[in-house]
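In what follows, subunit A forms one complex with subunit B and a second complex with subunit C.
Then we have the complex of A and B:
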């Protein structure tokens, strides 16, 4: 069993509008048999945090193209994306590039 | 393919300096860069764009179209940096438009005002009220919500030019990025608008009548612009236009983002296609003239904004919506319209 982990999630660039306008979320993921990875985190966000129009955040089983993901302030493309194994106290940021500028 | 294996927490080294750990993978090149190397590469590429297209001359006053959004915020920051680093000798000013939509611009204008202080650049805000004699709110009141985006788009397109003329600006820079240009290429292609397709990739547009406009971020990816703003902790504002977004454009953008996720070079590839498309000799191109009333570039006798304004001022808001070119001569001569013509142009349902 993997112990529960706490994460800091941040939504910006307009992505927060899908989360009641709330940018910062401190969340605790429950313990489960396997370690948490990004793929499972996205499902958890969809089931627990997303307030509206999930298709604007998730497409298939990944984030919608145009939403950038940073794990501990680094591009998730450098970290294995969906397979990245989350650690206690990780900081995950989602920034939409799809909103007006 | 990714150098880092799954579940890796090992930092990827910067492919430029080999010292620090990388913070992003660049979509254009696939390089992994650390923060300082990314900042330098991003800024110097914009400088390359500016230098190779000879966008500016020393002593010019350059208005930066500032909306408070990510693109114009990054543009203002980078131009300020490059103006000092490379001695462009430009007089930079932030230029903002207040459409007069209650609640909509408040936050973004606040952002622009903070940018003014953060970057130490002068700021000029011109309002629709000053430019057109109408606020967007007053227009919506007259035309209803259904047709207002026609006004929104046309007035917005001209507002920067009109504001810049008022202020004696030599050139206007806008924050259009590579994704925006690719989207416009695609849109013009989908609409079969050959004239615009040919013009839309030009880095500088508008020479007769209008103030030249340029896009120094033309080759900068949206991803990098957003990450530049994020890592530099630049202050920007994001929102959708409160009045209905354009669904067709939305599909075009989503399509490009899907392509980019499979092949990151798709964005610049589309731009290059647009740049290299040649038009058959016998395709008739519309003649670019200027508006007889305000001097703005227009293929008709009256530009779209002047027609819309005329409609608003005469209480015939539908004048500018749809095709009424036949009536332009009458408007120019300030002749009255017939009862039948007027009936067609009144707002219908409210």
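Then we have the complex of A and C:
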């Protein structure tokens, strides 16, 4: 059994509007048999935090195009994307790309 | 004799006064001359791409240049060498708006060699809070021209090339490539298709792209396609769904936010031009003005599988970016057409309904922040988002208001509910939702939307109603 882990989730660039405008979320993921990875975190967010219009955040089993995911201040592409194993106290940011000028 | 001497003294005094007058007039003339040179009439604006001559190398700085740039010449990282390199640098600024204005202003002040200033749009009153090169007297003038005129006043030694035209797949490569000895492209645009277009043109032409964006109280910046860093497509291979993109005319923006981001772009360009390492290659700068926080993120490197800068690129020529992104290359609002004609009324028809005191309900579905700006006094406000989520307090309010107004009718026909928003897009979505709710969650109603929304009302019915 993997112990429960606490994470700091942040939403920005307008993505926070899908979460009642709240940018910072301190969450605890319950203990489960397998260690938590990003794929499971996305499902957990969809089931627990995301109340409205999930298609504006998740498409298929990943984030929708135009949202950048950062794990501990690094592009998640450098961290293994969906397979990244989450650690206690990790900081995960979901940032919607801006286009205005 | 004494009289003659007195005459001489008095004549000399008069001469002094006249010389003073001449001096004042000369100053005035010089100012007028300078003003006319910096007026929008005195500047040629390009409607097509023309061949430019390469910038001359500067073997030494003139005394005037030394004085003018002295404070930056004293910065060891920049110095005389940096200044000479900057004087030979051409920068193409795509978009002369909230980002492009401060960017061009600082590059011109610092003595960049040439500034290509591209914008298809004209100056509007609603631009002035953030597009600080344009003044009140420039309303209706091409932004590229207005920017060039303001910059010329700031530093007349820079070569300004204003382009009053849209960046298209047909002209982009020619524009980006025609600066042979340079150089750097600044993406200061305001829409998704243009961002992909600028990126692909820079990759195909091998130019560094200094890109920033801003919305509401947030900004982002990255240097793309430079020294092993990613291009825009490496990060965003698939464009975002159009309905998830918010532009500044919908979402708003605090002017100083693109101001800060444009200054950051200018800084990165100065560093690249003067041979210093840019800070934001393979890095993303995120600025949150509300939380007063800058944050730098390490990005992925250039992607081998990227469709434009990868090993086996599928994009070898510029394509149709509006089609690729499913949206237009502008930040002007789209006009949706979701309803049949009989489900819509014009602002004139609504005016008659008001004048004839026909019992009805007027539902304004804009967000509260917009209702605060202006609204029709008879309307009730339920934002579209609340209607979509069928929020209970809002549904209750709607039911009560319908019942209240309904008492004035014979209750035989479906009760009319008219829906209004800013431009007539959200109101159509709201009508669709209301129609589904009619006879289920609500009594039987006949919901219609008001074509063109409050902005049509302001233009056609009540000219004193504010536009935004």
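Everything below uses one rule, namely that the second predicted complex is superposed on the first by the 97 of 101 C-alpha atoms of A that agree within 3 Å, B and C clash if a C-alpha of one lies under 4 Å from a C-alpha of the other, contacts with A are read in each partner's own complex, and residues count from 1 in each chain.
In the analysis below, a contact is a pair of C-beta atoms (placed from the backbone, for glycine too) under 8 Å apart; a residue touches a chain by one contact, two chains touch by 3 or more.
The structure displayed is predicted, hence computed values, not measured ones.
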*Side-by-side fit of subunit B and subunit C on subunit A, or clash*: clash
*In the superposed arrangement, does A:83 touch subunit B (first), subunit C (second), both or neither?*
first
*Touch check for A:96: first (subunit B), second (subunit C), both, or neither?*
both
*So, A:68: does it touch subunit B (first), subunit C (second), both, or neither?*
both
*Which holds for A:37: it touches subunit B only (first), subunit C only (second), both, or neither?*
first
*Which holds for A:52: it touches subunit B only (first), subunit C only (second), both, or neither?*
second
*Could you give the residue numbers on subunit A that contact subunit B in one complex and subunit C in the other?*
12-14, 64-66, 68, 70, 73-75, 77-78, 93, 95-101
_Footprint of subunit A on subunit C - complex, ascending_ = 95, 97-100, 187-192, 195, 212-216, 218-220, 235-241, 243-248, 251, 253, 258, 284, 286, 288, 291, 295-300, 331, 385, 388-389
_For the complex, give me every residue of subunit A touching subunit C._
12-14, 23, 52-53, 56, 64-68, 70, 73-75, 77-78, 93, 95-101
*Across the complex, what residues on subunit B touch subunit A?*
2, 4-9, 11-12, 21-25, 32, 67, 69-73, 175, 179, 222-223, 225-227, 230-231, 236, 238-241, 253-254, 257-258, 260-261
*Contact set on subunit A toward subunit B in their complex*: 12-14, 37, 64-66, 68, 70, 73-75, 77-81, 83-85, 87, 93, 95-101
